[in-house]
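Every chain is named by a letter (A, B, C and D) in the order it is written, and numbering of its residues begins at 1.
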């Protein structure tokens, strides 16, 4: 898997190490930060070991093991957050975030608008597929939450961003849903600043410049888009790659600026394309870039099926570098 | 903490009466078409709201629900701002953003807002309790849950976690016999609601929810235990919803005899009599108190009705905290 | 409120009467059809009286009163449906559908794809605002469900359609989410065939022809769009109004056909515009109608805030005929 | 119905042994890297799966979970198709759509598919039970729920409704001491899991989940009651998860003594001894049976490994029923 090199530092660690580092550093910095979730207590350190070592270091007081009760413990975190703490909730898999739905989209999301109660929690949700994990361990459910006022939704695609954005999420005074790509956990390494590292929420990043078209993406698809762009470069097609990083709020300025410059847009995400976040991006472009567009706005996303388990089916389900390159060629030739 | 002076008892009565008057004026105004949206009458729930609320300290957290206007007022929300909320005015407790008692949170008063999705305040109150445990502060959180609310799954999740974590939480199970049109026996399988706590080895007890002193005694003791680190408990307060579920509901499904039974145990009337019989409070004292409270409530409603609506340009403000 | 006249029959009944009629007729026709939900048992007939009389007519066997346990009773309905029954679940308000989320988007939606278990239930969800009901009794949450493979999502806008589509939903062999506009329950009357009446799921309806632009909408906004179109006609702007009726599956054929003919599209719904269903429609048009578009694709929807309670705030939140007309004028002048 | 002949008992053993072998081959193949995704070992759960499943009639509904491979097989799913499912093959029970025991529903066998969102099968099984009540058919539905699953809210909602509606439902609470890495005492507040049923006035009992005859007796009696219209009940079967949560999990958090305690009570070994001591089954009979079963399982795995993957062009098929 290709690596990322947008941070200025030479130390290269994995996506998972980067996020564990952010958790550790924020817990060290602020005694109000705590983690809670299933199987994160004791020596175990959680299903993906993202919280490994925190219990030994910070105690059971700040590393709270929970029963399988996502709705209840997310609501509990809301109460802690209203009282000024900064809980970081680990969903064991992003797929189980639907179990906590009311606590997120109804209670936590609306509280500040209605009665000015700030809810500074972060939900870490290991999302994403491509790993033969089947329909209930492969979901990318960001669109549900991006539709909800009051939430922020982050989908980092590099080790540096996972650290910088998780740090920002923990410090943010609003409920933040942080979708990690577990596909990248151990497969992607990149440079990550060892010390305090903050990436602003809501800012996209141009991951690659290019004049011929703009590929707009986020999460694990960033790596596929970069691979596709590399391939296209060999064919004299210069594709800009814009990594949204945050899907709510959207960085409309950068999206529009890039598409106005290239005149062509290809939007890519691993989540179901139908009614996915890419639709909002396409609609935004269709509305704001009408006079700049030289081709239809194209989208690639998951099929409108559950994420299938078997490799040939999942490959058919999920966009990849090859399909991105094909769609880009098509746009370029328009 | 759990004993009361005669002065305090009279003050408790003042709050109960205020709660009653607030409700009466609200109901009559909505019936006249001067309300907005809907409202939920608290008639019959005065002893639960005030008796339970009286045990709270300012530093404790409270998470009342849609019939606990007494507890909201006791916690410091002014009646005029509450009425303004019912009327969608800019100076309402939610600045026109939510209706009736929904959304009446106020962190400066350690008050947790209520949302429709019942009983979502239960785990939130648990979290508030957990914040005390986290910071090793000797305070407690109190939440109210209806009989109907206790059939929702999150009730089970919350009680289980509260006991596991020995959280300083007190759950007041306000059993007012109905969840909307559905009587307790048709929504709950167990013979006595407080027994639900036994599934979590959580101490529980039943009190007469129309006897304010009994409610106070049980809840303040439960709060004291919670503050002392002895863990959570549940108090089932048996009472009756004397009017319909919401203003439009005539509650034809409630048998007359049931209402008559509870009418004879009206918590406000009963405590008034008790004060006369036991504390020697004189009828004229009571009359003066009631007159003053009625006036306060009438003025609060008038003030609310005279308050302006919010400016539509503010509609987007406050979705996010800075 | 303007009325609708697309059915050929002269008997005019309300939206609520039409849906009650569909329920009654389907229960009479098929003994496998049953209703369940909060407060629908006994003489009460539910919060909106949609099931009034059914208990007396069909007995408690087929009219099941439930506790406040949306997740549990929706899952229960799934089991009944797998066993061949056809439960019609009443959510007391659409806002509470989030409480049943797992049972819907995870279990019921995926079952046929994974193990060919058909789940022929319908959830009736009284949705919509504009009535000073506040953030938790005014929601239009169709976008969450339209993103989920395996579900069908219907948002009828007329009495005839509410009857015809509810009938089709009950007969459909898949989980169908049926969002009623409670705003229209008693305020909208229209002609409704008294006998069996079926409207196909997934077919839009041209509610008004017009050559200058296409207003694409559904639910209660249909009436606002028709009112706007009427007003525009007086200004010599002929707006076609396309009533989607179903948001999943989308009637892409009719959307594209109409927009290709007019060259201009305005999409309107009451739900939060951000990441709403309108985004998918706009993205579809941007992708498929590029060479036909004479103006940017415009969308009107709710603001990205909870639905506020107070009338001036809610009016600012929600699109209306005036704002639709203004956007259409703008498009026309492009 | 609840008594067994010696022939049946030997057959029960056959199924337990088959279950054990299925698991052993699965675990060793996954350890060799010949699996796909993950898998959950059923080692130690043979008596629960077979003992409970043995009480079912074909017309009853069953909703097993991720460790009940024995019950899935007993219900008629062929071992080769099950293995094919683990390996993502076209002829797997889910045609490559879901993993391991997930999604193994089959309406022709009145078998309800399991999904990850635990314990979502609980209310679905209740619904299946309700369909019998609706149609006045004298059948029951059985569902399995883990100790961890019993902390989720929908457990509470389901049990409450089951009792309210007197549904013919039997809940087997498979208490295998752990939910992933979390021991029962850290996820559940009540001292004995079966007491949770008391919050719904639901009859409940505990059985030794490693004693197949005891499991059978209790569950078949519960099913008979349910079919007879006497309502739902819960059977807590105490057993032990002998391997990690899933294949990658070494379960270092499980104390050795605990494993040793349960190893000495291995349900397969124990029942084998019982048959020798009580039914006079001869060692050579057992050897032959075990050899035949091992062969059957080996062949099933080989058949699965030789089966083709699904055609990617079929990926969209079947999202909707016609």
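We take it that a residue touches a chain if its C-beta (ideal position, glycine included) is under 8 Å from a C-beta of that chain, and two chains touch if they have at least 3 such contacts.
In this text, all values refer to a predicted model and were calculated from it rather than measured experimentally.
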>> Let me spell it out: compute each chain's centre from its C-alpha atoms, then which one is farthest from subunit D's centre?
In response: B
>> I'd like to verify one number: the distance from the centre of subunit A to the centre of subunit B, where each centre is the average of its C-alpha atoms, in whole angstrom.
In response: 41
> How big is the gap, in whole Å, between where the Cα atoms of subunit B centre and where those of subunit C centre?
Replying inline: 36
>> Which positions in subunit B are in touch with at least two other chains?
In response: 94, 97-98, 102-103, 115-117, 151-154, 157, 160-161, 164, 186-188, 319
> Counting only residues that touch at least 2 other chains, which ones in subunit A make the list?
Replying inline: 67, 69, 71-72, 95, 98-99, 102, 106, 110, 113-114, 135-136, 149-150, 303-306
>> How are the chains arranged in terms of who touches whom: line, ring, star, complete or other?
In response: complete
> Which positions of subunit A touch subunit C when the two form their complex?
Replying inline: 95, 98-99, 101-102, 105-106, 109-110, 113-114, 135-136, 143-144, 146-150, 248, 272, 274-280, 282-283, 285-288, 290, 293, 295-299, 303-306
>> Give the list of subunit C residues in touch with subunit B in this complex.
In response: 38-39, 41-44, 47, 65, 67-69, 71-72, 92-93, 95-96, 98-99, 131-137, 303-306, 308-313, 315-317
>> Which residues of subunit B touch subunit A once you look at their complex with the stated criterion?
In response: 61, 93-94, 97-98, 102-107, 112-113, 115-117, 120, 122-132, 134, 141, 153-154, 157-158, 160-161, 164-165, 318-322
> Which of the residues in subunit B end up touching subunit C in this complex?
Replying inline: 36-38, 88-90, 92, 94, 96-99, 102-103, 115-118, 148-149, 151-153, 179-182, 186-188, 252-253, 309-316, 319
>> Help me check something: in the complex, which residues belonging to subunit A touch subunit B?
In response: 34, 61-62, 64, 66-67, 69, 71-85, 102-103, 106-107, 110-120, 149-150, 152, 173-174
